[in-house]
Structure formats: structure tokens, C-alpha cells
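Pasting the structures in now, so scroll down.
Both of the next two complexes hold chain A, though its partner changes from chain B to chain C.
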Partner chain A sequence: MSNQFRIIKDKTANGVMSAITIVSLVFVIIMGIGLYIKSIPILEEHSLWELVSSSSWQPFKNDFGFLPFVMGTIWVTMIAIIIALPLSLMTAIFLTEYARKSVKKFVYPALDILASLPSVIYGVWGTIVIVPLISDKIAPWFSSEFSTGYTVLAAGLVLSLMLLPILVSLFVELFVCVPDDLRAAAYSLGATKWQTAKNVVVKKSLPGIFASVVLAISKALGETIAVLMVCGCMPEVPKGLLDACYPLPALIANNYGEMLSLPLYESALMFAALLLFVVVIIFNLTSRIILKRIEKNN
Partner chain B sequence: MKSSVIFEKIAKAFMYLSIAIVFVMVASIIWTIFKRGFGCITWEMVSSLPGGGFYIGKEGGFLNATVGSLYIVLSSTLLGLIISVPIVFYLNVFLSQKSKRAYWTRLAFDVLYGIPSIVYGAFAFTIMIYMGLRTSLLGGIIVITLLIIPILVRSMDEVARNFPRDLLEASFSLGATRLETIGVVLRQIAPGIATATLLSIGRAIGDAAGVMFTAGFSDSIPTTLSQPAATLPLSIFFQLSAPQAEVQNRAYAAALVLTIIVLIISLAGRFITNRFSKHKLN
Partner chain C sequence: MRNLFLKKFLKSDSNEPFTVNAKFKHPDKAEEINIKDFNLYIEDSHILKNINLTIPANKITCIIGPSGCGKSTLLKSINRLTDSIENVRKTGSILLGNDDLQNCTESELVELRRKIGLVPQRPTPLPMSIMNNVAYGCKIHGVKNVRQLRRTVRHYLKVVGLWDEVKDRLRSPAVRLSIGQQQRLCLARSLAVEPEYILADEATSALDPVSSRIVEDLFVKLKEQYSIVMVTHTLRQALRIADYVVFIYMGEIIEVGEAKEVFNNPKHELTKNYLQGTIS
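Moving on, here comes the complex of A and B:
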């Protein structure tokens, strides 16, 4: 085999592989453009502001108000982060600063299981355990009205469990990267373990913690099936934790069969997907760029 | 007692509480799924196709969904590997560690990884309508392939990045071209490829939002790529929304099957990581 041939082969491989890589880069852009083209009809009919600020959703009467879905998404995501953030921070601090190896051996597999379970299983668990818990135990405490249990709270709780393993693994990675010298310096000044963890480890990782939370939010925004199964699916703006809600992904998933009956309806759902796509990309880019910068500095 | 000591105690209590919550939740999920699932699973459910009147509680099983899921997952994993292994190889051998293109590619895959599967599904659906395709096995395979490529690339890349550069240089110094070092690289990152594959199988088999639009649903096992295919997560979802207890029971049984598959895959992944990291030098 001549060397010429080998070099040509190498060059061809370079070309093919860079082509594959570039295609996958361009794919992000194509996806955005495709969703945008599909949502043009609805954007021509209604202004962007009108779409996201109106709360009347009657597709067959040409009413496309996304406010209930946008608010539903925001509510559920917020609740999930509020529950998951302290839990995962404490777990991560425990794992990196306190836990003995023998304890870690049990905690990591448990987190692994949480991370590997499919979203539909969380949904099944939510309908069996969380929904009745809310309707029988929690809701009667706060109001005399009957609650089905399919609420913002149920969706937030289920979602927070799904975020937990993601957040913990991101936090652990950050905390492990804090140099031991800093901890030693804090101890030598007489700081307790907790003071060191709080004032040195967590403080040093704050930008990373911020980025991780943003990343978790973007994961939460797109979660579909688990949320769909416990959220109640009422197209109304939720007023409290015990109201039903209807986040954007659930809306898309629930109506894909129906939407073909009306061109504008299809366009509206694609607009919902576009909205999700743009927000998730912005959140993702922000957090990834921050995380990459941190990684580089270490 | 000094306040710092009290805070230490309080903080520790909260940590133990967090860990306890994690364990209780994992136990609750597994216990619920297993108890419900084993309570109603029968051999007929696992081994037969839906019969007449399946969705009002008559006889039949969810074999269509299990087989559909396997078809989609296995073929998309294979396709995904064929596309992503060259990308990882290109990123780590053909491009230098500090190149701008490598940085942007990695960032793009991070972003692709973050895009929700429902958006992939909706996008693929519009493309399929544009091309005049109906929901089909092929559509499901394509969407799941797109969904797992970022997972595969990211997790293989993580292993390949720590690949000792000396080995590359040794290979080059013997006169090998960049392409010819592929054997050296592949052998070194083999465990990484295995765990990445398992990770993406786990993700692919549990995905419902992507296949909902593209693979559709069907009561029979597809025999060609153009027929719609059922999947386990969707089968669980549809059956659970039925009002009859018999149909819901089958959803619990299907959930049990899915959970067991996923747990086995996750255990295998852990086993491979432990086993091969023993021989790692750094």
C-alpha cells in the first residue's frame, strides 16, 4: 500500500468526520429555523405579546393565549427548584465534606437509580403516591375545597426528585474541585467543618452553583410525561400550589393528534415548541459557558 | 456551648435529613412500582399482543410495546454509535485539545443534550408531515437516534479527553496516520463506549415524548419500517389514563417490566465502570 494512498485515506476521513461534526452543529440551527417557519402563521395572526399575555385558550375559536401554559411551566419549575436545591446542596456537601467511604457506597447507587428511572415511571409513582397524598392529607389542611391532587405541588414534587440526581452530581463535581489547601487554611483558623463548607467550599463554587441551577431549570422546563401525568391539565393560570396547571410540554404532548384538524392550531403548538426551544437554549448556553470557564480555571 | 458548635450540629442534622429523604424517595418509588407491578403481572400480559377489547379490559398483553421499544432502542443505538464514534475520534485525534472548533462542537453537543425530547419530537413530526410520511417505526428510530447522539458523544468524549496523549504520539512516531491510530484509541476508550452505550439505551428506552409524535402507537408488532410501533412508556401512559382497573393494572405491570429493564442496564453500567476503572492508571 503506497503512502500516497494512506495519506489520501487520512484526508478523506478528516473530511467525512468534520462533515458529520458540522452537520450536527448546524442541526441546532435548522431545528430553530424549522420551528420558526412552522410558527409563522400564528405569529402573523397574533402578535407575540398577545400570544404570551392572553389567558384565553380556545383553539377552535381562534383564541390562542399561552399565559396559562407559560405560568404553569414557571410555577412547576419554581416549586421543583425550591424543593430540590436545598436537598441537593446538603446532600452534595455531605458527600464531599462529611461522608465516609462506606456511606458513599450506598448514597451514590441510590442517586444512580433516581437518575436512571424513566420519566413515565416517575409519573406512575406520582399518580399512585403523591396525588392521593395531596388530595387526602395535604389539601384538606389548607382549604375546605376538595382537591383532586393533580396540582402544581404534585408536578413540582415529582419534578424535584428528577432534578435531584442532576444537581447533586453537578455540585459534587464543583465541590471536589475546590483545592484542599483552602479547607486546610480555614481549619487552621479554627473554623468548624460546617463553617468551612459554607464559607469556603460553597462560596468558592457560587458561580458554578448558579450555572448548575440554570441547567437544572432548563431540564425542568422540558420535562413532559411525568409532569403531564400529575399536573391536572387545566388551561387556566394557577393561583396557588393546590391549583391544577398545564405546562407547555404537556400542552404539546396532549394535543398532537388534535392539532392536525386546524392549521393554526398546529402552528400554535409549534410556537409552543419554539418558545421552549429558545428559552432552553439560552439557559443552556449561559450555564455551559460558565461551567466550561470554571473547568478551564481549575 | 459555642454557637459555631450548635450550627455544626444543626447543619449535620439537615444533611442527614436530606440523605434520609433521598433514600426514602428511592425506596418509595421502587417499592410502589414493584408492589403494584408484581400484584397484577401475569404471563399473559408479558407474552401476548393486545386482543379485541384490550382497552376496555379484555384479554391481551403488551408484547407489542416491549418489542417495539426493543426495535427502536437497538437500531437507534447502533445508528447513534456509527455517527458518534467518528465525531468523538475527530474531536480528540484530528483536532487539537485547544482548537476553537472543538470548543464550539462540544458546546453545541451540550446544547443539543439539553433540548427537551418533546421539542425533538415536534420538530421531527413537522419534517415527517412535510415529507408526507406517517408515524412509523423509522420515524421513531430517527428521533431517538438524534436524541441519543449528544448523550453518546458527551459521555465518550469525557473518557477520550483523558486518553494519554503519549500513546497517540507513540503511534504517530511509528509512521501511522491519524486515521490509523483509531485502533489504539478505540481499545483505550472501549469501557467508555460501553458505559455510554448503556447510558443511552437507558435513556432511549424510557423516552416517551419523542416517540409519541414519530413512532405513533399500534397494537401489532411492526413488520416493516413504515408501520407505526408501540413503545413501553407510551403503552404505560395510555393504559394508565383508561378508567378501567384491568387496563390500569396492565400499565402497572408494564411499568414493572420497564423499571426492571432500566435497573439492569444501570447496574451493568456501574459494574463496567467499577471493573475497568480498576485497571486505569490515573
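Moving on, here comes the complex of A and C:
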């Protein structure tokens, strides 16, 4: 009798959990459909290609070009990853391969705190420190024109600082999982610590590193408030690091709820959201395929 | 002597040049390892107590003893892999030939470690291809000539009897080999940097009987060129291949001697008990 009961319990648990899983999947699909329906009006008026390739943004004149925002998103994300990836890799190698226990004891909690700070704090810090630094010190080096400091570079730097602790924690987890026997094997061949870290530890963790970077990029693509505070919010395609930019999430956050009386404006913002949604999904799916490849070869 | 030895392995390729690896010359005669008054502490516990031991050249020395008695730690001390343990303290000296292992610089250490091959308990193929696994040791020491690397790889894969099994897939990842093959690959990798000593930490314990027999036979052949120290749990294995036996109990050397002598005629009560299986 009690056996019967256990089996019923097992089956119920199975049912409930699969239902929950399906519901969360359905949510993603519903979101996609919702965004699409809301952006139908603008898609009826302008072609998809026109929307994505035009760089003129004048909602009052019914002119909606998303190129500046798409480019802004790409610029900021790329800068952030380019800065954060090598730094976090080196930090993680230092922590796992070189650092003493006493150093680790101090650094790990600090990293966790950094990773859990709300992004608005990074934004404020960026406005107070990074923006003036760029305006006063860095920009004059490169051009004679005055820069406000609210630039692609500022957004990239702030974002990279946000990604850094997350990436370091992920990498440390990966490197710690590399068996010590492998390190011993390299050492016993006469490898130095650096050679071991580079050729064995990092190489062994390559699939994990790739997955972590994908996670970081996904976060960077969608990061809103910290970027919004330092990016300058100019709807123009940035030509260099010292130009202002306006990534998609910032556009949506800044404007949704205002100026909705303009025709098509709400639809345009929904289209921006749809764009971001699709970009993140496509990005995740492709990286999954690449990850499978790497794992197979490793 | 070396040439003779290699000819045994390479009957078909007897014309092949014997100095496969121009960077490192294997000495004609292996040297012994002298361990003097060696003590090792981790935090407050005294792991190895006053070890005095001479490991003879061109012989297989088996270290036996119950689990946790310090066998592996002693083995790891010989190539200073114990350095990575937190709060470790060592006194005494370990001499490889004339080189003092305990008081050497970083660069001397890297060079000394090259001279000591390590065959681990579980095979540890590096995350690269079969070919690069064997070539890796030479590469990190600066050998860049591709032809020479390839020759080294082929040569040592032949020495461990793996060449015919893998020659068509040298570029595939090493982890795809079977465990027994991986262990032989690890041995080839160690040999490729021309070591003088081979340390084996229960090198056959993860292998099936056939593979383990192959590795054992390899050790017996290799002792003509190398001084081999192995830790083993299998007394029968020690009986089969050991020339010398070191019995360790609770971090102390209890008995050392020629294998036959120790197995047939243990002098110490503890050794007797261990061999009979009453302590483990």
C-alpha cells in the first residue's frame, strides 16, 4: 500500500515539475508574440530593412531608424567584453594558480559583493568618476574637441566593471574544477606555473569559459540603467570611442511612458524591445551550437 | 648502452637515429636518489619522519605500506609537487645525483622536474591531441623543430607500444583513448623529455589486468635506462617487478632491502604483519 503511495507521489512530482518547466518556456514564447503584436503597426508603415538600416531618428516626423541604437548596443557590449575578458581571465588565473590562501580569503567575498551590487550604483559611480575622467583626461589626448565624457568608452568601462566580478567568479569555479593531477602532470614535465595555467588549466576549461562569456554578453546586451546613466543618449551612430551612444535598452527605459501620444511611438519602442529579444535569442542559440562543437573537440 | 636498449624496441626501425631529442641528452648511466634526514610537516602534523633512503639507479624500488602512511607524499617530495600544499614545511635534503632538490632556484627546479618523469595513479591526458600530449614537454622546454617533435612523438609512442594503435589518429583528442592507452600515453609523455628517474604512483591501480600487465612489463624494460620508484598497493605487483622494497608505516621507514629478502624474510614485526595482511 505504501509502495503505491510512493509511486503516486513520484508521478505527481514529475507532473508538477514538468508543468512548471513548460509554463516558463511558454512565457518566453508569449513575450515574443506580445512584442511582435505590439510592433505590427510600425512594421506595417515601414519595412523591416528600412527600420534597421536607417539612422535617422525623428519620432515627430514619423521617422524611425534603429541603426544608432543597434550600433550603440553592439559598441558598448564589445568594448565591455574586450576590457573585461582578459582582465577577468588573468585575475582568475592569479587567484587559483598563484595566490595564497590568505589572499583568496580576502578577495572571494569582495568579488561576491561587487557582483551583487545594484547596477544603479555602478551607474552613479560611472557618472561621478569615469565620465569626468574621460572628459578631462582621456578625451583631450585624442582630439581637440570638447567631450562631455558621456561616451561609448564610459559606458563600456562601467559595463566591463560590472561584468568583471561575475566573470572572475565563473572562471574561478571553472579553474578550481580542473583536477590537480593534470597540473601535477604538467609540472612534472617541467612546466612553469604560467605554462601550466595557459596550456592546461585554461585549455581544459575552454568550453566553460566560452559559456561564461556568452552569459556575460547576454547580460551586457540587456544592461540598462548603468549604461543609460553614462552613455550620453544621443540617437546617432557612434563613430568612435569618444562619441555618445544610445543602446536599445536605454532607449526603451528612457522613453517608455512618455510621449506615447505620438503616433507609432509606442509601437517603435516595442519594436526596439523585440529587436533586443531576437538578438539575445539568436545570440544564445548560435553560441549553444558553437559550445557543442568546442566540447566535442576538447 | 642506450643504443642497445633502443634497438630492442625498434627492431624494424634500427636505422632511425637514436638521439631522438637533441635538446636533452639522456645520460648513459642513471643516478641514484639520496634522501637524507628528510622530514615533512603539514601544519602541525608530522607526515614524514626522518627519512633516510637511497634509491638505487637502474632498479625498480617499490614503496609499500598501508594507506595514509605517507608513501605518496614521499614520492611527491621527490619532484617537489608537495610545494603546492598549503602550510607545508620540510627539513633535510633530497639529492638527485649531485643536484640538491630542496635548495634550488626556480629555474633549476623546472629543469630538475624535467629529469623526473611522473606516472600518476589515474591517467591524466592533457587537454590536447595525442601528438601534442607527447610533444608538450619538449615544446615547453623550447623545442620548436616540427620534424624533430614528430620524430620524438613517434619514437616514444613506439617505446610504450602505442604507436600502432594510434598512428592514424594522432590529431584526435587524447581523452578518447581507453584508460589503459591513456596511461601508456602518459608514460610516453614523461619519457619524451628524457628523464632519468620515473616516479609511478600506483600507476596500474586504475587499469584493467591486461593494460596493467603491459605497463608493468614496460617498467621492467625501462629500468635498464631509468631509476624507477613506484608506490604500490598490490603486494603481488611488488613481488613481480620490484628489485628493492621500502616499507613505510606511519611516516617512518620500517624496513628497506632487496625485494626477495624483504618478502621472504622480513626482519621487522610490522613488515611481517603487513605482508600477512594483519595491518593495512
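Keep in mind that, in the parts below, the second predicted complex is superposed on the first by the 257 of 298 C-alpha atoms of A that agree within 3 Å, B and C clash if a C-alpha of one lies under 4 Å from a C-alpha of the other, contacts with A are read in each partner's own complex, and residues count from 1 in each chain.
Going forward, a residue touches a chain if its C-beta (ideal position, glycine included) is under 8 Å from a C-beta of that chain, and two chains touch if they have at least 3 such contacts.
Please read all numbers here as calculations on a predicted model, not as lab measurements.
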{"item": "Partner chain in contact with A:K101 - chain B first, chain C second, else both or neither", "value": "second"}
{"item": "Which of chain B and chain C A:S218 touches, first, second, both or neither", "value": "first"}
{"item": "Contacts of A:L189 with chain B and chain C, given as first, second, both or neither", "value": "second"}
{"item": "First (chain B), second (chain C), both or neither touched by A:N199", "value": "second"}
{"item": "Partner chain in contact with A:L170 - chain B first, chain C second, else both or neither", "value": "neither"}
{"item": "Residue contacts on chain A - larger count, chain B or chain C", "value": "B"}
{"item": "Which of chain B and chain C A:V129 touches, first, second, both or neither", "value": "first"}
{"item": "Chain B versus chain C as contact partner of A:D180, first or second or both or neither", "value": "second"}
{"item": "Footprint overlap on chain A, where chain B in one structure and chain C in the other make contact", "value": "191-192, 195"}
{"item": "Of all residues in chain C, those that touch chain A in their complex", "value": "76, 79, 81, 84, 86, 106, 110-111, 113-114, 116-118, 120-122, 124, 126-128, 136-137, 140-141, 173, 186, 189-190, 193, 199"}
{"item": "Complex contact set, residues of chain A against chain B", "value": "6-7, 9-10, 13-14, 16-18, 20-21, 24-25, 27-28, 31, 34-35, 38, 86-88, 90-91, 93-94, 98, 106-107, 109-114, 116-125, 127-129, 161, 164, 191-195, 197-198, 215, 218-219, 221-225, 229, 249, 252-253, 256, 269-270, 273, 276-277, 280-281, 283-285, 288-289, 292"}
{"item": "Interfacial residue positions of chain A with respect to chain C in the complex", "value": "100-101, 179-192, 195, 199-200, 203-204, 206, 297-298"}
{"item": "Contact set on chain B toward chain A in their complex", "value": "4-5, 7-8, 11-12, 14-19, 21-23, 25-26, 28-30, 32-33, 36, 83, 86-87, 89-91, 94, 101, 103-112, 114-119, 122-123, 125-127, 146, 149, 177-180, 202, 205-209, 212-213, 233, 236-237, 240, 251-252, 255, 258-259, 262-263, 265-266, 270"}
